[in-house]
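Each of the next two complexes has chain A plus one other chain: chain B in the first, chain C in the second.
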Partner chain A sequence: MELRMTDAANSSRSRWLVAHTTAVFAFLYLPIAVLIVYSFNGEGVGGFPPHHWTLDWYRILLSDESIWDSVFNSLKVAFAAMAISLTFGVPAALALDRANFPGKALFRRLVLLPLILPGIITGLSLLMLFNVGFVSTILKLVTGQQLSLLTITLGHGTALISVATTEVFAGLQKLDRRQEEASLDLGANYWQTFWRITVPNLKLSIIGAALLIFTLSMDEIAVSFFLIGRDNTLPLEIWGRLRRGITPEINAISTIIFLFSLVTIVFWYRLRVRGEGGAEVGMELIEAKSGEAK
Partner chain B sequence: MFSRAYRMVITVPPVAWVAVFLLIPYLLMFCYSFWSVSSTQSIVHSWNFDNYRKLLEKPVYWETLLRSMWIAARVMLFSLFLGYPLAYFMSFYAGRRKDLLYQLVIIPLWVSYLVRAYAWKTILGSDGVLNTSMQYLHLTRHPLEFLLYSPFAVVLTLTHIYTPFAFLPIYAALEHIPRNLVEASHDLGATPAQTFWHVIFPLSIPGVVAGATFAFVLSLGDFLAPLLLGGPSGIMISNIVVSLFGAAYNWPLGAAISLGMLLLVLCLLFLSEKLEKKWSFA
Partner chain C sequence: MAATTPSAIDSVSSAAKPTLLSIRAVAKTFGRNVVLRNISLEIAEGEFLTILGESGSGKTTLLRIIAGFESATSGEVWMGAERLDRKPPYRRRVNTVFQHYALFPHLSVEENVGYGLRVAKRPAAEIAERVAQALEKVRMTAYAKSKPSKISGGQQQRVALARALVNRPQMLLLDEPLSALDANLRRQMQVELKSLQREVGIAFVFVTHDQEEAMVMSDRIALLRSGELEQVATPRDIYSFPATAYAAQFIGHTNLLKGEIRAGMAECNGLRWKTSLPDGPALFSLRPEHIRTGDSGASSSIRVRGRVVHQAFHGATELIRVDCGGLVLTVRTANRIEPDKEIALEFTATDAVPVRESPERT
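Here is the complex of A and B:
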């Protein structure tokens, strides 16, 4: 329902709100617009407004091997982190939904904590774990280094279990348990019921979680910052270059990332809207952060 | 209906993983905070309160903590100031454009944090967008230097980043308000302002609390925006932790500060949960 906007007071109120809304959107999009404009700016990063346009930064970017190496590393980490988070996050949601065990309340809080906790705490506490003598020995045996893409993957995978758990837990609340009961009554075992009834019903939640985990991992920097070995992920590569000085090809790669994110989010949004209708979409990330799986 | 074996299979692996990769690391952090570093740069595993004593005695630590909290508080206030009217407008006035606007708020959330912080650097720098435009319009003669490398730049950037985080729970709370309550208030003769302050706002408080918590907690722990845009006066508590774990090499002291932050965050989460429960109408 829309409020009645007939009387004068109300319409001046809505005019004020329209102005505020416009200003907020301008504020949210200004940096993104600047980024895109500068990625075509002939003068590099100085000089505004741009006097001549160029594709040079994209050309430089194309032949920049260390950036593409880091993109490839980020992709590897994101896929592996996705696998870890789903492997443990989906059962965790099932456990929170339908099992009782000692320490369940603590477990729920621990699983969700990395979502709201500043990344630095998650990153540092994991660094301390990886520094324990025998853990570090195992890591060196596996990868030859103490810190590597493996440690970043473990960090992302662990922190993002929270995303998988909240998404799937939300999906489970809508699941009709009688379907599973019927399946079990009709002689299917738990394994068959899980794959043929539970998973198909949770399909949207699981795909949504996977996409979210993937995007969050691709952009993650606070945890990776402390767990990085020789090989950079893309955000850390960008970070390194920003620290050395402003480099215009960062604008180019950022514009490309922006477009990729745009495609991903539109795809994800469509998927969710089809699943449950507009209003709640996007909330799971945030809702999770209230620290309570509702 | 679920057998014992089924419950074991869904419970044991995630609990074990979380114990190894979350619980033990937090406990390790706790232990480290009571250890110390020897003159040969190795960790001494003798238990004492020296790190905590140092935190209380040296003003630089709690001054930085207070400054970080002040930065986080400003970020929180500005995000609420930007986010609440936006959510209110979208929920009550936007009509069919609601879904489109909603997507528009979420999209920046998916643009790399680092990239957006960096874009603010290009905007605020002395030959950046803002200064060049102002000089072009003859608003200022010389570039304004305070824009970049200051707490102002950090607050601005973090507000930009956390406004959607403040917005989303507020919007969800507003969307959950039964519209017939609003209608009843109108029918009973309340002005729009009265309806807002007596019906809508109280019902949206849980969302405001959740949004405020995200904005405050997440910006409190930030260390990248201060490094990128803060300059010496914009240093935050996490930057001290980063240097203690890096060049300054004093993990135990860094662990003590991190643990302090962890406890502070847990207290805030506890408080906000209580507040949300108190004000929720469901």
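Here is the complex of A and C:
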């Protein structure tokens, strides 16, 4: 009798749990589902559920040159930002992990600051910097304009150094230092040890950082908004068009971006599972997602 | 007659073989923490030397100074005519087997073993041949393509050995390499390591906290205590003629007899025997197996009676504790003696080995 009571309590509890979970997931993913459905909706936006399906919006999108220009601009910026932030972020992580120098605590905070700094502040301050006489002169000499994709790239690249540093620093903390000692012991000098032992062990952290930087740069809007020149990035292009009302092509391009992100995340996840035991992978994924959400 | 002084014993090393490594007055401090003080030690070619000590005695630090992962605060390390302590680890003809092996997880067993040869840019054919030989020597050929995470602890141990030995170092350093293995495998590996060392003929410097392991494997033991060398001697000598109270207690069981020497007579807790030591306070180590039960009637014996207070079975022998009126002696016997029994004990004066006090150090 008592047993049955507990069973009943359990099942009602689990029913609540299912309902709660469903509600949370619906809240998270329903908007995306609506977006995807609309991208195939014959009526464009409005008229839910759709009466007839179509690929027209994708066809229109395909011939929309300014959208594709903005996609390529965003890709250019994202790859360049990735290169900049890794070039500076990885050495910073190494310094934080192994060197001892005066002002290390301050250095660490300064490196991590952009992570919590609002994009508006970063964007505004960069804009002010690029307005300074000689900086502006240099920019004009390089690109012919004061603000351009270059300024956006510089903005993203510097703001995202913190992401590269934190990711790689976490990887370094997990690295067994004895491995590097073993390598030195076996006759490899510091440089050989770094390339043959340290980097392969950090491979996952570096790829993780690169993917994260890439996605963050791809959908960045606040900093870009301040630094934009004549060429639009994709988020700004979408934003610009939205001011004239939602158009179905935007749903189509958003669906493509969504699928692209999904593939990226799955790729990264599988890489991690293969590299490690899998137990902590879930946690890492959550961390990364919450980082993206920021 | 206890004529053999500890200092005479210390100098009995493998003097026949030339010195390979010479550690001269090495000290190491981390901040205000003194880890090693004034360590001088010579290691001969082909010798199996064990650095024995408790955790925190500085034994691993000493090994790391030889390997080059730590630099000595003062003192020098020489290998033959070359000064070693100024060289980076990768220029020293010394290889290390790490405590947890430190195999490279992203490389296969054979790539791990070939690592040193690859960075030395040996021809591919030579690398393949030497790696194959090394793997055969440690019986790991079948696992050549495996990743380190897929093989057992004992196998990882063998790979770590092969990875170090394939480079033909002049000396192999081993940092508690057996501590991660279970007791059976450990004993087996002790024998294997010892025979491997005879086979390759290079000097092994082996760090352990396990005195039994040290006794079984070593040509000589360097006993380290709180950063200072307590005694350096063969296992037999360090056991039979411990230099200090600490050495006597750390290696095997012993009875420490504290007493006084006056005019050629030693007196400890009412026991008296003739000695040639100078007058003054004295400390003697008397091994449990040197105390006999019963009364042989020999004139040279020192006799005492006592009551058995404790008895413990140790396989082939038993250890009993006998209360002789304030003095409690541990005695090794071949047969079982029940507690509470009143028994007679005797020992020979020369078996009471004079040892130095081991004052507390911080």
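Here are some notes:
As a convention for this text, the second predicted complex is superposed on the first by the 261 of 294 C-alpha atoms of A that agree within 3 Å, B and C clash if a C-alpha of one lies under 4 Å from a C-alpha of the other, contacts with A are read in each partner's own complex, and residues count from 1 in each chain.
Convention: a contact is a pair of C-beta atoms (placed from the backbone, for glycine too) under 8 Å apart; a residue touches a chain by one contact, two chains touch by 3 or more.
Owing to the predicted nature of the structure, the values given are computational and were not obtained by experimental measurement.
Once the two complexes are overlaid on the shared chain, A:Glu181 sits against chain B and chain C alike. When the two structures are aligned on the shared chain, A:Leu35 is found in touch with chain B, with no touch to chain C. With both structures placed on the common chain, the touch criterion links A:Arg98 to chain B but leaves chain C unconnected.
Which of chain B and chain C touches more residues of chain A is settled by the count: it is B. In the superposition on chain A, A:Gln192 makes contact with chain C only, while chain B stays out of contact range.
Once the two complexes are laid over each other on the shared chain, residue contacts for A:Gly119 go to chain B alone; chain C is not touched.
Contacts of A:Thr151 after superposition: neither chain B nor chain C is touched. Contacts of A:Pro200 after superposition: chain C is touched, whereas chain B is not reached.
Touching of chain A by both chain B and chain C, each in its own complex, is seen for residues 181, 184, 190. Only residues 176, 178-179, 181-190, 192, 196-197, 200-201, 203 of chain A touch chain C when the two sit together in their complex. Against chain A, the residues of chain C that register as touching in their complex are 67-69, 88-90, 94-96, 98-100, 102-106, 115-116, 119-120, 163-164, 167.
Across the complex, chain A is touched by residues 1-3, 5-7, 9-11, 13-15, 17-18, 20-26, 28-29, 32, 82-83, 85-86, 88-90, 92-93, 95, 98-99, 101-108, 110-116, 118-123, 127-129, 132-133, 160, 163-165, 168-169, 172, 175, 179, 182-183, 186, 191-193, 210, 213-214, 217-218, 220-224, 227-228, 238, 241-242, 245, 251, 254-255, 258, 261-262, 265, 269, 272-273, 276 of chain B. Contacts from chain A toward chain B in the complex involve residues 1-5, 9-10, 13-14, 17-18, 20-21, 24-25, 27-32, 34-35, 38, 45-49, 87-89, 91-92, 94-95, 98-99, 101, 103, 107, 110-111, 113-114, 116-121, 124-129, 132, 154, 158, 161, 177, 180-181, 184, 190, 215, 219, 221-222, 225-226, 235, 238-239, 242-243, 246, 250, 254, 257-258, 261-262, 264-266, 269, 273, 278-283, 285-287, 289-292.
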